[in-house]
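As written, the chain order gives the labels A, B, C and D, with residue 1 at the start of each chain.
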Amino acid sequence: MEMESVIVKLLEDIKPKNATLIVGLPGIGNVGKITADYLIDKMKAKKFIDVFSYHLPPQVLIGNDARAKLVRNEVYYKKRKGGDILIFTGDFQGLTSQGQYEITYRVLEICGDLDVKEIITLGGYQIGKLVELPRVLGSFTDERLKDKVEKLGVIFSKSEPGGGIVGGAGLFLGLGYELFNIPGLCLMGETSGYFSDPKSAKQVTKILLEYLDIKIDTKELDEKVKEIEEITNKIVENQPEERKEDLGYFG
Amino acid sequence: MEMESVIVKLLEDIKPKNATLIVGLPGIGNVGKITADYLIDKMKAKKFIDVFSYHLPPQVLIGNDARAKLVRNEVYYKKRKGGDILIFTGDFQGLTSQGQYEITYRVLEICGDLDVKEIITLGGYQIGKLVELPRVLGSFTDERLKDKVEKLGVIFSKSEPGGGIVGGAGLFLGLGYELFNIPGLCLMGETSGYFSDPKSAKQVTKILLEYLDIKIDTKELDEKVKEIEEITNKIVENQPEERKEDLGYFG
Amino acid sequence: MEMESVIVKLLEDIKPKNATLIVGLPGIGNVGKITADYLIDKMKAKKFIDVFSYHLPPQVLIGNDARAKLVRNEVYYKKRKGGDILIFTGDFQGLTSQGQYEITYRVLEICGDLDVKEIITLGGYQIGKLVELPRVLGSFTDERLKDKVEKLGVIFSKSEPGGGIVGGAGLFLGLGYELFNIPGLCLMGETSGYFSDPKSAKQVTKILLEYLDIKIDTKELDEKVKEIEEITNKIVENQPEERKEDLGYFG
Amino acid sequence: MEMESVIVKLLEDIKPKNATLIVGLPGIGNVGKITADYLIDKMKAKKFIDVFSYHLPPQVLIGNDARAKLVRNEVYYKKRKGGDILIFTGDFQGLTSQGQYEITYRVLEICGDLDVKEIITLGGYQIGKLVELPRVLGSFTDERLKDKVEKLGVIFSKSEPGGGIVGGAGLFLGLGYELFNIPGLCLMGETSGYFSDPKSAKQVTKILLEYLDIKIDTKELDEKVKEIEEITNKIVENQPEERKEDLGYFG
């Protein structure tokens, strides 16, 4: 038999109720993945699904103990009163357009069995310069979700981002709504896009925690922000004056 | 289950009769899409089919209200005495050769249920220079269609365009005729191909309206032509003399 | 339903006997296609199969009468005492590796119903310089075919061509032998590879005609050779002396 | 019917027992393939499976007798007390990510019928400079295999190689473990990666022979090492002094 394009390996048979699916994949400024990883870590969410696919790179990653681990996407869960939390993340996004569609579609199919009531995708919004306090932009497929997060400071802006939202952050929204009838919201943290950006991820995380009414701190993200800022400050200092302005850094 | 490569979502169950399918997709000078959009708008045609596919970009577009909309192709219809009008258009063409074939094939399959009697595809014919009055070239798979539009001024020229017709404008003609037995005609407006070209689209629109005996004006296309001409005139003025000639502009 | 990757359209229901399948596709120096086209024309072979595929370009070609013709591969036949002749040719080869395999495989499947007893593929052998009298190199999957044509002057050379034989000329041989148990032979005319090369095709044609015991002249190929030589002679004359040597022209 | 993406042709119906599958494909420094070829030759292993695929190049290779041979992957076997040896090698790896996954998956499926108890994949570890005595690094999916070869001098290093293991050497490990429950080990010989590297292959071979308790000498590999060293020594001699250091050559 031929290999399925996307293979779902169920590690534990859980029955989520009234669940919110959070999608945080590698991408612009790595905002989505940093946020997803942080939530998984701090909420002690447990992995229950591995997703393998020939649309991911043909590669194993090597761990600290020299163990080989096939690249994958994963779903974590956390039981909660009032609605469970599912978090979808992974080492890579699909390598091709078809790959990204097929992985998203397959995971959305499973969501039918996981009582997913809403999808929140996370990403970065590339603005090409450093900012002191990244804003969080939003897009949606269901007006009700928009109203809820607009109060929390999320900005819904006409035709922004101009290039739309590409990859999993866009497809979970679009396919989820059009083919699976699940309402969705995308939260995008402003980021230079030049490096992994925990500062942007922190702003996204704060809004997400407030929206979901989850009580965890963001201290460890602050530490990551400091690390990155030390590095970027050095880079900026080494730039000639006029270039500093271009970088838009005004800290 | 794996995702189908092309997914047809029927929004309304209509029963067209004796229909003409018009195909206007993004492409050279955007001539096909401008024409299709104009017809949809002025005829108040109604969308009844959405087409999603992993052959389109993995992307949602953001609307004026920040709403996310999965990229798609669409079919519109307009009831008419003597033969309904169906219009196929979309945000993008398939990203690969296989994608363009598969989307075209799937839509042609549906045409079997929609009583489509003829297909008219629209496109641009790139000539690499500006022209005052773009000609409309034609190609066909059924001689009878040729005869009808030749009277209206469409030029049928030996082996032109030399590179054939690529993309949906060619495939709807070729697959429609060879595999679905539907006669077809392609109308190509001459265009520099350097920018979106409403002047070329206007000439195509005029012939299409006459052929289909549709009474709508082309005033709003004239406005678009003016806008573009103001821009291109400025560009030409800023060219050195010898370059102007190359651009073939003699307005 | 999804489109099949390769679609075979039978135009006439013929029953070949003891047939030889000749494969001449576009490629190096266009040697294979020139030869196939010449045979079809002079033998008055008749097309009985059209092959369409999403592995071919998404394109229609425009004929002398402005008619649109979907790109395709084709099979022609000619009844003959002692064994019918089938000729496989086309506008393009498959665009990808998978495409070339799938088209070849599908045509070989049909060969099972067409009583094909041997396959002769035709191609060019690129040597990067002009030669006065192109040699014809051979490769084979069945020793008996080798013996027959070696007498006719075909050269079987150790590990030549070094890069193997790519595309349909190689795949019909390899897949035909390994999966369909049909013996095969490849005839490759030496060619500079810089342009369409009727001189090389003529040498291949002569051996093929002798092997198959077909009585047709090669006069019209001579005319094409003259046309091309007039062009290439002019090019060579306009080269500086040392470059002429590099071109290896010693006519 | 459409061509299967990977076609397994069984040449002989053997029943291996308690088998070790060794995987040595073309790749970095060609370490894996040199080792596999050496084992096949010296152990007189016999081919019993051919693997054809449209994920391999559309190509036949030409042998010493001018015979055309379709590119392929192959499985060889050698009966042995205490556990048979199977060796997987080939002319090429799959051309795409999907291709590499599909070929690996299909071969792993067959392993279910071949009583494969463990998989050892071989490869090169590119360090970008020449070394006198290449180390052999390891990675694993089952701790027990690690323990066995660590005693033999294989180095298990934290997160090395940093880029993971790509291609068949990684996928047989990862897919074998995750989807087929077969424990695996990868042995990677250090190599400059600039050319085919028998010196690195020799170190890998020695450890492999010791692990499997196979008594064959590595003399012929020494000869190949000498040949390559003569070539590389000449290249190094012709480098300016400072460049020699960069090449890290200290023989």
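Just so we're on the same page, a contact is a pair of C-beta atoms (placed from the backbone, for glycine too) under 8 Å apart; a residue touches a chain by one contact, two chains touch by 3 or more.
Keep in mind the model is a prediction, meaning the values are calculated, not measured.
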Labels of chains that are neighbours to subunit A and to subunit D: none
Copies subunit B and subunit C touch via same or different residues, half shared test: different
Per Cα centroids, the chain farthest from subunit B: D
Distance between chain centroids, defined by C-alpha means - subunit A, subunit C (Å): 53
Approximate Å spacing (C-alpha centroids) for the pair subunit C, subunit D: 38
Contacts with two or more other chains, residues of subunit A listed in rising order: 5
Touching pairs among all chains present in the structure: A-B, A-D, B-C, C-D
Subunit C partner contacts - residues on subunit B that touch it in the complex: 4-6, 94, 97-98, 100-102, 104-106, 109, 138-141, 146, 156-168, 170-171, 173-175, 177-179, 184, 186
In the complex with subunit D, residue positions of subunit A that touch it: 1-3, 5, 7, 9, 50, 52-71, 95
